[in-house]
Structure formats: structure tokens, C-alpha cells
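Shared between the two complexes below is chain A, which pairs with chain B and chain C, respectively.
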Partner chain A sequence: MIYELKMEEDAGTTVNNLLRSMLKDGKIDALVAMQETPTGKSAFPTMVSDPDKLHTNVFAPLLPVSIGTVVSHMTKVQGTKKPLAVVLRACELRALLELAKIKQADLDNLILIGVDCLGTFPMKTYSDFDGDPTEVLLKGEGEEYLRTACLNCKDPVPENADIVIGVYGADEGLFLDARTEKGEGILSDMNLDETEDVEVREQAVSDVRGKKDETRKEFMEEHADILGVDKLLEFFDTCVNCHNCMKACPICYCKECLFESSVFDLEANKYMAKAKSKGAFKTPTDSLLFHVTRFNHMILSCVECGLCEQACPSDIPLMDIITSIAENAQREFEYEPGKDPEEEMPMVVYREDEFQDVGEG
Partner chain B sequence: MSENDKTKEDFEPKVVGFLCNWCSYAGADLAGTSRIQYPPNIRVIRVMCSGSVDSVYVNRALIEGADAVLIGGCHPGDCHYLNGNYKARRKMVLMKNILTTLGMEPERVWLRWISASEGQKFADTVKEIVEETKKLGPNPMKERWNI
Partner chain C sequence: MVKIGVFICHCGTNIGGVVDIDELVEFSSRLDDVVFATDYKYMCSDPGARVIKEAIEEHELTRVVVTSCSPRMHEPTFQSVIEDAGLNRFCLEMANIREHCSWVHKDKKEEATQKAKELVAMAVRKSKTLEPLKSFQKEVVHDALVIGAGIAGIQASLDLAEAGKKVYLVEREPSIGGRMAQLDKTFPTLDCSSCILTPKMMDVARHPNIELLTYSEVTEVDGSVGDFDVKVKRKPAYVDWDKCNGCGECAQVCRMKGRVEDEFNEGLGKRSAIYVPFQQAVPLKYTIDPNKCLMLLSGRCGESPPCQDVCELGAIDYEQEEEMMELNVGSIIVATGYDMMDPNGMYEYGYDHSPDIITNLEFERLISSSGPTSGEIRRISDGEEVKSVSFILCVGSRDQDLQEYCCRIGCMSALKHAYLLRDHLGDEVDLNICYTDIRSFGKGYEEFYRRIRDGNTTLIRGRPSEINVEKDGSINFNVFDTMTQKLLQVNSDLVVLVPALVPRKDSGELSQILRISEGTDGFFLESHPKLKPADTATDGVFIAGCCQGPKDIPDAVAQASGAASKAMGIISREELESDPMIAWVDEDICVGCGVCIDVCPYSARELNEVTGIAEVDEILCTGCGGCIAACPSNACIHKNMTKQQILRMIDEVI
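And now, the complex of A and B:
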């Protein structure tokens, strides 16, 4: 059921009051949501249990870290026994559901509150912003500041949340969409009115998805020329092999990555032999190998949050190639990460009668 | 003449083969003991299962300049570990898909089912890979010092 949330002052205050009353009524024990730091120059996922210390800004256009990762760290050792609300964006929710599939997060007793995402700014753009970035974005402006990943977002409306805080299609106020029984149970006794604009909401969501699909397609066509070893070497020319992309990635969860190990450290004579056979080679070695292998390991679960690109100290526009790689690979296996929590990941299942042309000559 | 100076026609491809212990490796062994002739271009690495061949091994072989990579496993349904070869097949599909998107010559990577009794099939497979790879020419990654 979709409810209407009447606007008080502004969207941020409205959501804060809603979350505060959930805390006060004991519907939740604590919550994790984006909260601005005292400087106002950044915002981070913050766990709040004291209603007086709650001043979240769930619309802050900033993604310093995926809340998927944060919740994974909080629940993978042991899940919560008391209700914990998590307010997250669509890409963060997709990441969290993927992590739950590989037992890196426990969704028990979590109340997943999705927020329509209007996109996020690069960290620096956000902190240096002249004015209030949240307000600009909520007004429907500021598209020129968005990160590449957000411009080409595959779906900014969170699926599979218990409750969705809807901005798209909302004229005055916000939508509150109870998408599961758990969500309905929380919202049903909060004195909310059912909205009369269900169709308006649905139309707005399908419009924004359609628009994103189009920009995404254009973007992939625009970058389809990064093909072949020489173009790739040019693309990764400034890579310093720091592995920040991997560390920022919500999907790269391995505690001990192969590329952080000493597997690639060889005896000196092997390097000398390689130099003799090739004439010369660049160090650090295995940097293209790192990227290609990383794609193989995480791309089917890639939620396209673009944190890899944001983490790159050399500003390599990773999403220029990752968008296409993810699109093609996920299409091959008809898999959409974060879409269906029950769906198994492609690399852990198989069918006897599939891909039969592979392996036969 | 160093290997790098050879032209497309007369170059001898280097093929890295990951063969599963239970079928393909035994198949290669049989080819040897049966004295079946096949090109000496393949360098065999024995692995316990085709399903254990991670993309990192294949990609490293390619990036370090192998002209082709073969993964050999038991026929579907015959895997010693029941389903490793089905998983190898999925990994191969993903690997080739990514290599295609990146324009990195997916046709250099091969997956073949070769049983322990198929010495001839192993020899034929190596022959086929060498012929096809000669048509492709040397792996360009061999030449790149900045890779």
C-alpha cells in the first residue's frame, strides 16, 4: 500500500520526524542512515538510537561508502535480534542483498527502508558546494554535478525494500510505499493516509527508469571503442595498482584477496628471465591482470554504484568500461544483482543443458 | 632469430593447457603411451578439476603472452567431483564474455571435454588449437612491455 507523507518544513525534516517516531514508539531499536557531519561538508552512514541525536539527511547526495558494506560489517558475525532500520539507496540495497546471498550480511530483523535516489555528487563537489546540495537536487536541478555512475544508474528506485520513501512523482509531500508485510506492519498504525496518486507514482517511476535506460544505452555506445589490448593499456595507463577500487567495492568482500597476497612475488631470477624474454617490463606487474580478474570475480554481482571510480586516485573513469562489462555479463546469465534475494548467484549453480556449444568442438 | 621476429605464418604458438587429473590429463597420457603424434606446442599443467581453474590463471597466461589456453575436463556428467565441469563451463562463458567486451580475443581460450580413453581426441584437439591459433597470429600482449 502506498501512503502519503505530509511535508513538514522540508523533505529532510519530514523523514526525520517519521524515523524519530519509529524510534520513540519502539518499532525499531536503532537505525542506520546518512547523517551530516558537524562541518556540513560530508555525511556518513550513522547508527542512531537516541531520538534526540537523530538528524539524518537521507537525501544527502553523497556516497562515501556503501551502506551495504556497513551493514555487512555490522551483521555478518551475528545478526541483530532487535529491529534495526537501515535507510539506503537503490544501489546500496542491491549490494546488501548480494552480500546476504553470500552470507556476508544477515537480514534478520532488519527493516530495509529504501529511498528514491536522485543521484550523488563526487565527495569533493559535495564538500565544496556553494549552497545546500540536497536542496538543489530535490528541486530537480544539479544534474551536471552527478557522478557518472549516477547519471547512468540502472535503477534509482529501490526494489525489495520493506518501505520505500518515494520522491519521484511526489508533488507536495512524499510517498511511503509499504512493499512487504513487515513494512505494512510498521506503517499501518502510524496514522498515515493512503495516497490517491498511486498511478502518478507508478508513471513517474516508470518514466525515470525509461530515461535512465536511454542515457545508459547512449553512454555505453559512446564508450564502446575501448576495445583491444592497446586501448585497455591506454585506459589503465595511470593505474598505480593501489587496489582502492577493490577496497571500495561493496561486492569485493574476500577477507584476503589473492592480489593482496604474495602469490605474485617471485624469485628474482624469474623476473630476470621475463626481462630477457620480453626485453623489458613495467612494474608493479600484473596491473591489467588485476583488473580483468577482478571483473571476472565481481561483475555478475556488480550493482554499478561507481564507488570503484570514486576511489581511484588516478581518476580512471572505470564506469566507462564497467557499465558495458556488467551489462553484457549479467545479460548472458539472465541475472540481475539485488533483484531477487532468493535467486542464486550464477557461479554457484549450473544446469546440465545449458551453454552446450561451449566445450564441444 | 628470436621468437618475436617470426612472421604470422611460421610462428609456433605456445599453448598452456590446464588438464583435469581424472580425465583430460589421463587422456593426454594415453596419447603419449599410444604414441599418437600431436604438435609439441602445448605445455600441460595438471589440475585436480577443470572447475578449479580460476579466471586468474587463464588471464595471467594470456597477459604473459600465451597464444592460446586450453582447459580440459571430464565429459558433462562424468566429473569426478560430480559437477566441477559444469561450473568450469559457466566460468568459461563468463571469461569469454568479459574478454569479448574488452576486445581481448576470446577465441584464444578453449574448453574441451576429453575423457581418459580419448587419447586421439586430445591429439586432435591440440592440432586444432595450434592450427586455429596460427591463423590468429601471435598474441599481441606478448609484445607489450607496459602490460
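And now, the complex of A and C:
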């Protein structure tokens, strides 16, 4: 059921009050949501259990870290026994559901509250912003500041949460959409009115998805020429092998990446022999191999949050290629990461007739 | 310090005729850490083994590289050789320069030599990091499972039971006997099929070492050689077999009597909904067909179900439910037989145009004294006397568009039928056999063929283009006899088609359950076409009879005894040596994502709930490598086939 959440002061405060009453009423024991840091220059996922210390701004247009990763760290060793609400964006929810499939997060007793995402700014743009970045975005402005990943977001509405806080289509207040029984159980006795604008909401969601689809398609066409080894070598030319992209990625869940082990290190005479046969070679030798292997490992689960690009010290526009690679690979395997927690990852599914044409001709 | 010896085999001219051996020896001896390199004509021979042993001693070798044929052939040979010389048997690495090189590049000697060099260099590189491994022992379960109780399954079970082993014999039909029970006489000796089969069926029923599980199907197999866990589904017969004494009164009073197509008689007769497939059935216990019984279908059968009323023993039980049974066996023999190809797919033979066009299996039932006509041959359409019969061989067999292979029984079965018809119907009956080539290869077969050929049966070498059924029901066809170069027109009261034998339609499911392979023809694949005809790719699982390919009864029985003796080789041992080249988990790296558990086909992986680490069951792991490929963290490591070793090998050639 979709409820109407009446606006108080501003959208951020409205949601903050809603979350506070959930905490006060004991519906949840604690929550994790975006909360501004004391400097006001940033916001980070924060775990709060004291209602007085709740100053969330779930609309802050910033993605310093994926809440998917945060919740993975919090629940992996052992899941929560008491209700914990997690307020997250669509790409964070997708990441969390992917991580749960590979036992890197435990969803038991989590109340997933999704927020319509209007997009996020690069960290520096946010901290240096002249004015209130949240307000600008809620007014429907500031698109020029958005990160590439957000401009081309595959779906900004986190529909598979228990509750969705809806901005798209909202006029006076906000939408509160109970998507599951769990969500309905929480909202049903909070004295909320059912909205009369269900159709308006549905139309708005469908419009924003349509618009994103178009932008995304254009974007992929624009960068369709980055193909083949030579183009890729050029693309990753400034890579310093820091592996920040891998560390920021919510899907890269290995404890120790193969590329940080000594597997690729050879005996000195082998490097000398290589130099002799080639005349010269650039080091580190495994930059491109690292990226290609990383894609091979995570691309089917890629939720396109763009954290890899945000983490790159060399400003390599990773999303220019990742968007297409993810889209195509996921289509080939008929797999949508983070959509259905029950859907098995292609890696563990055996199909006898898969890719019969590979290697033919 | 690593000291490597390289031993290059000529394999006669197989390798020596293509690869420049001298150049290869010279190249090998210059590789890092190689202290000795030599060649020999046949490295796998006794003198070859001596070359290796002496060199290990003389040069104090720590690793041995043999470059020869596929390790599938001779890895165990060379492992034993180096073990004899005091090295750990896993300190051997092989480079396959025969199948991977000289055989496929025999016209390009120079390039082949270059490739051989690279293969040797890779093997040498890998050999440096080979880890000496220790095999471990695992206990063997001494019982066996036989799937399918046709003649092959029966024979295998009896052989094992006679050797003192407990055998579970699983059969999905209500009775054992299989195809052979349907046959009238057997070629070339014309023994009555049931007369020679039923004593064996009785032996099975009575044998204290055989537990017969009829009307049951294998649904799941876990574990590996020496210790398989098997789940068997026991379908409900809706009759309590402990009570049923096989009197058959229930079938007499069944409301569906004479209304249900009788599969055992290939649809030529009718049975009741409660039935035994045939009178000599073992066990002689009645089964209710759930798709035909009115009580089971609609919950009522007249005032009250007559079968229940008539059964004084109270054996009828409509509430009976499917049961699952768990077995633990050391070896499995698969003998699931064949299906006959449906001739309806070949419209030119008109199988569905006339009831008088039948298959040879239907003919077996027609001519059998226990069949629906008690052995009297009459036209099926109108019961008229039969004056002419034509046999069409190779229906769907030896046909590049259908089944390319020979059915191996068609010629002899048609010759047998011709003989029997002449015997039953006398000299007046007109007999034609349209053949491609008469294949009478078995013992006594050619002699039998000669008897028929010398009689007055017309043998026509050719396949009819189309069999016509006229409006009055008469049948005729044209056939070009390539022996006489004449186009013949044949009229026939009865046409008997001899269709191809094909794999059971659900054999694919069984092959997945057992993890055995199927050949391109769909039959289960033996592990070597000549030397391991009863083995499969899965250790401890053997195949016998027509599930491996079409064959006649003597061949099926011989293969069954062979499979039984192979199974004995396993279950009669106390312990088996387990291959230590299996998966291993680096606990510092494993994140417990569980991907390996999902991909492991042998249930050898489990997540330790305390540590969150995915562990390997060393007994169940076969070293297939599935988890190693799937593990994104490189935490799963294949012993002596590590990623590092593979990368080093690749590095050697790029």
C-alpha cells in the first residue's frame, strides 16, 4: 500500500522524524542511514540507536561508501537478532542483495528502507558546494553536478525494499510505499493516510526510468568505440595499480585479491628474459590484466554505483566502459543483479545448452 | 635444490617420425634446473623404465618430466616407475607431445618440433613447484547397486551375489526381465527366451544376497567410488506386496479389464488397471496403474471397488504413498537397456497407416505362445489368414539422417522370425526380407543365415521407397533389389519393421544423476572403446548391456559379467587409495561465499558454520576442479595444479 507522508519543514526532516518515531516506538532497535558529519562538508552512513542523536539526511546527494558494504561488514560474522533498519539508495540495495547471495551479508531482521535517488555528487563537489546541495537537487536542479554513474543510473527507484520513500511524483508530501508484508507491518499503525495519487506515482516512476534509459543508451553509444586491447591499454594508460577501484567496489568481496598476492611475481631472470625478447616493457606488468580479471569476476553482479570511478586517483572514467560491459554481460546471462534475492548467480547455475555458439566458426 | 630429468619418448615413429628428437633432447638439457635429458624408443617399456630409474639414481633427480603420450594412458605407469626409484609419485610431470603435437601436426615437422619444445619447457617449469603428495586410504562399502533388471542387470546381480556380495537390484517396472522377457525365441539356437530367462529371474528372487527393488527408481547419487550414497524412490503399487500372493483375482474383476493398453504386449493386447506385466513376473505381485485405476483417478469405482472386495488378503491399499530409500554402496552397475525408435517419425514406412504394419518387437509378442494371440499368426486388422509377410530392416538404422549406427540385432531377428514363420505357417507363406547387408557376425549366426538363404525366403537387398496401404487395407511396396538390379513390387499381408535401437528417452537424466557421459549417439559412454568397455568416466560406475550401445543377448550378458567383475575389484577390497590431487582451501583467503558449495557436483564442499570457511571433504572430492574455477578469491587450490603453476607455464610460452 502507498501512504502519504505529510511534509514538515523539508524532506530530510520529514523522513528524519519518521525514522525517529520508528526508533521511539521500538519498531526498530537501531538504524543505519546517511547522517551529516559535524563539519557539514560530508555525510556518512551512521548507525544510530538514540533518537536524540538522530540527524539523518537520507537525501544528501553523496555516496562516500556503499551502505551495501557497510551492512555486509555489520552482519557477515553474525546476523542481527533485533530489528535493524537500513536506509539506502537503489544501487546500495542492489549491492546488499548481491552480497547476501554470496553469504557476505545476512538480511535476517533487517528492515530495508529504500529512498528514491535523485543522484549524487562527487565528494569534492559536495563539500565545496555553495549552498545546500540537497535542496538544489530536491528542487529538480543541479543535474550538471551529478556523477556519471548517477546520470546513467539503470534504476533509481529501490522497489525491492520493504518500504520505499518516494520523491518521484510527490508534490506536497512524500510517498511511503510498503512493498512487503514486513514493510506494511511497520507502516500500518503509524497513523498514515493512504495516498490518492497512486497513478501519479506510477507514472512518475515510469517517466524517470524512461528518461534514464534514454540517457544511458546515448551514453553507451558515445563510448562504444573503446574496444580491443589497444583501446583498453590507452584507456587504462594512467592507472597506477592502486586497486582503489577494487577496494571501493561493493561487489569485490575477496579478502585478498589474487592481484595482491605473489601469484604474478616471477623470478628476476624471467623479467630479464622478457626484456631481452621485447626490448622493453612497462611495469607494473599486470595493470590491464587486473582490470579485465576484476570485470570478469564482478561484472555480472555490477550494480553500477560508480564507486570505482569515484575512487580512482587518476580520474580514469571507468563508467565509460563499465556501463556497457555490465549491460551486455548481464543481458547475455539474462541476469539482473540485486533484483531478486532468490535469483541464483550465473556463476553457480549450470545450463547444459549455454553459449553453444561460443567457439563455433 | 631442484634437479630435473627429462625423458623423451619416440613412441616408435608416432612421435619420433615427426618431432626432431635430437633437437628436443638438446633443447631440454639447456632448460633451467634440468640436469639430465635423454630419449628412448618406448619409454613405457621395461627398458624405458630402467632408463628413468637409473637416471634418478645417478643424477639424484628430484623431479621427473616424461614427454610422451597423454597422461591418461601412462601417467600411472611412470608414477610407479619413479616411486620404485624412491621418488614421491607426484613428483612426475608429463608433456603430451603425441596427441597434442605429433599426431595433429604430422605434416609440419619443424613447427611440431617447436611446439614440442614449448610443451617440454612448460612441463619443466611446472615440475619445479610440484609438491610431493601422500595418498590416503578410504574405507570401501562392500555392497553394490545394479540399476535395471533386464538380462544384463540380472546377470551382473547374480554374479555379484554368487561372489558373496550384497546387491540392491533396482528396476522401475513392476517386474524384472526387461526386453528379453518380451522375446519369443532367441537366435540362432531358437531356445525359448522365457525358458532360459525365467530360471535366472527365479534365482534373483530367491538369492539371499539380492535385495530386489522393483517399481523403483534411482533419484540421487552422492559420494564417490567405494562409498556412494544412493536415494531410491519406491513408487506406490497401491497393493501391499507383503500381503499379495499373486492370485490375480483382482485383475479378473477390475472394471477396467480389457480396456488398458498392455505395454508388455507392445499394445497388441489389453489388460486391467491392476496387473502383473506377464504371468512369470518376478515378483509375482500386482500393481495398480495410477493413470487408469478409476478409484485412484476419481476416488470411486462403482458401488465399491471390486478388486478390494475380492482380495481376501486385504492387500489393496489406495492410500499407499511413495517412499524414499537410502542405500550405501561401493559400486554401481548401470544396465538400463534401450528404447525402440518410433517408426512414426518415418512416414514412408506407413507404420500408423495400417495395423498390419508392426515392429519386430510387436511381432515377438504376436508369435509368442504367451502373447495376445497365443502365438497364432493372423492379420491384426481383420484376423484373416496371413499368406505373405515382409520384413524391412534398418528402419532408421544405418541412416545418416537418423541413427548412423547398426542395430546389431535386426538381421538376425528377421532371419529368426522367417524361420519361425515357415515353421508355423508352412511352405505356402510368402516371405520377403528387405535388407541393407545381412550382418551375421556372431557365433553360429552365419550358419543360421545360410539355412534361411538356402530355403525359399526372398532376400531383397534394398529399402522400400514407400509402403502403400490401399483403400481395402492391402499393403504393397516397390523396392529396388540392388543384387538383381530389378524393381520389384511386393504385396504383403503383414509388414514387420525392424527399427533402430535408441537410448532410453530419459537416459540423459540418469547420466546426470550418475555423472557419466553419453556418446554422440546418446548411449552411455564407456571410458575406452576397446580396453575399458564396461567402465565409465566416473570411477566405480560401470555399464552393461544395451544402455552402452545396441547388442545381442550374448554380448549383453558377457558385458554384464565383465562389469560385475570390475565392480568386484572395488567392493571386495577393504580400502581404496584416494587420489591426493584434490582441492584444498586456503583458510586465510576464503571468505565463505559458498560459490564452491553450489558448483561442487560431488557434495564434497561444506561451509564450516563456526569458522565460515568452505571446507573440502577429501574422501568425496574427486579433484574435478569445478570449485577452483568458480572461486573468485583463489582460495580453492588444486593440489599440484595451482593457479601459480598454470601462470608459470603460460609465462613460459608467451
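Please note the rule applied: the second predicted complex is superposed on the first by the 357 of 361 C-alpha atoms of A that agree within 3 Å, B and C clash if a C-alpha of one lies under 4 Å from a C-alpha of the other, contacts with A are read in each partner's own complex, and residues count from 1 in each chain.
Definition applied: contacts are C-beta pairs under 8 Å (C-beta built on N, C-alpha and C of every residue); 3 or more make two chains touch, one makes a residue touch a chain.
If you're wondering where the values come from, they're calculated on a predicted model, not measured in any experiment.
**Student:** Check chain A with both chain B and chain C modelled on it and let me know: fit or clash.
**Tutor:** With chain A aligned, chain B runs into chain C, so clash.
**Student:** So, A:His297: does it touch chain B (first), chain C (second), both, or neither?
**Tutor:** both
**Student:** Between chain B (first) and chain C (second), which does A:Met347 come into contact with in this model arrangement: first, second, both, or neither?
**Tutor:** Both partners, chain B and chain C.
**Student:** More residues of chain A are touched by which chain, chain B or chain C?
**Tutor:** Of chain B and chain C, B contacts more residues of chain A.
**Student:** Name the contact category of A:Leu288: first (chain B only), second (chain C only), both, or neither.
**Tutor:** So A:Leu288 only meets chain B here.
**Student:** Mind working out whether A:Lys255 is in touch with chain B, chain C, both or neither, as first, second, both or neither?
**Tutor:** second
**Student:** Tell me which partner A:Ile102 touches in the superposition: chain B (first), chain C (second), both or neither.
**Tutor:** Second partner only, chain C.
**Student:** Classify the contacts of A:Ala268 with the two partner chains as first (chain B alone), second (chain C alone), both, or neither.
**Tutor:** Touch status of A:Ala268: no partner.
**Student:** Looking at chain C, which part out of 25-33, 97-105 or 547-555 clashes with chain B after superposition?
**Tutor:** 97-105
**Student:** Intersection of chain A residues contacting chain B with those contacting chain C?
**Tutor:** Residues 258, 297, 347, 350, which sit in both footprints.
**Student:** Inside the complex, what are the residues of chain B that reach chain A?
**Tutor:** 54-56, 59-60, 63, 65, 73, 76-77, 83, 85-87, 89-98, 100-104, 111-113, 125, 128, 140-142, 144-147
**Student:** Quick check: in the complex, which residue numbers of chain A touch chain B?
**Tutor:** Those residues of chain A that touch chain B are 226-233, 237, 258, 278-282, 286, 288-289, 292-293, 295-297, 299-300, 321, 324-325, 328-329, 332-333, 346-347, 350-352, 354-355, 358-361.
**Student:** Under the definition above, what is the set of chain C residues touching chain A in their complex?
**Tutor:** 32, 588-595, 598-599, 607, 612, 630, 632-635, 643-644, 647-648, 651
**Student:** Which of the residues in chain A end up touching chain C in this complex?
**Tutor:** 76-77, 102-104, 253-258, 261, 263-264, 266, 269-270, 297, 344-345, 347-348, 350
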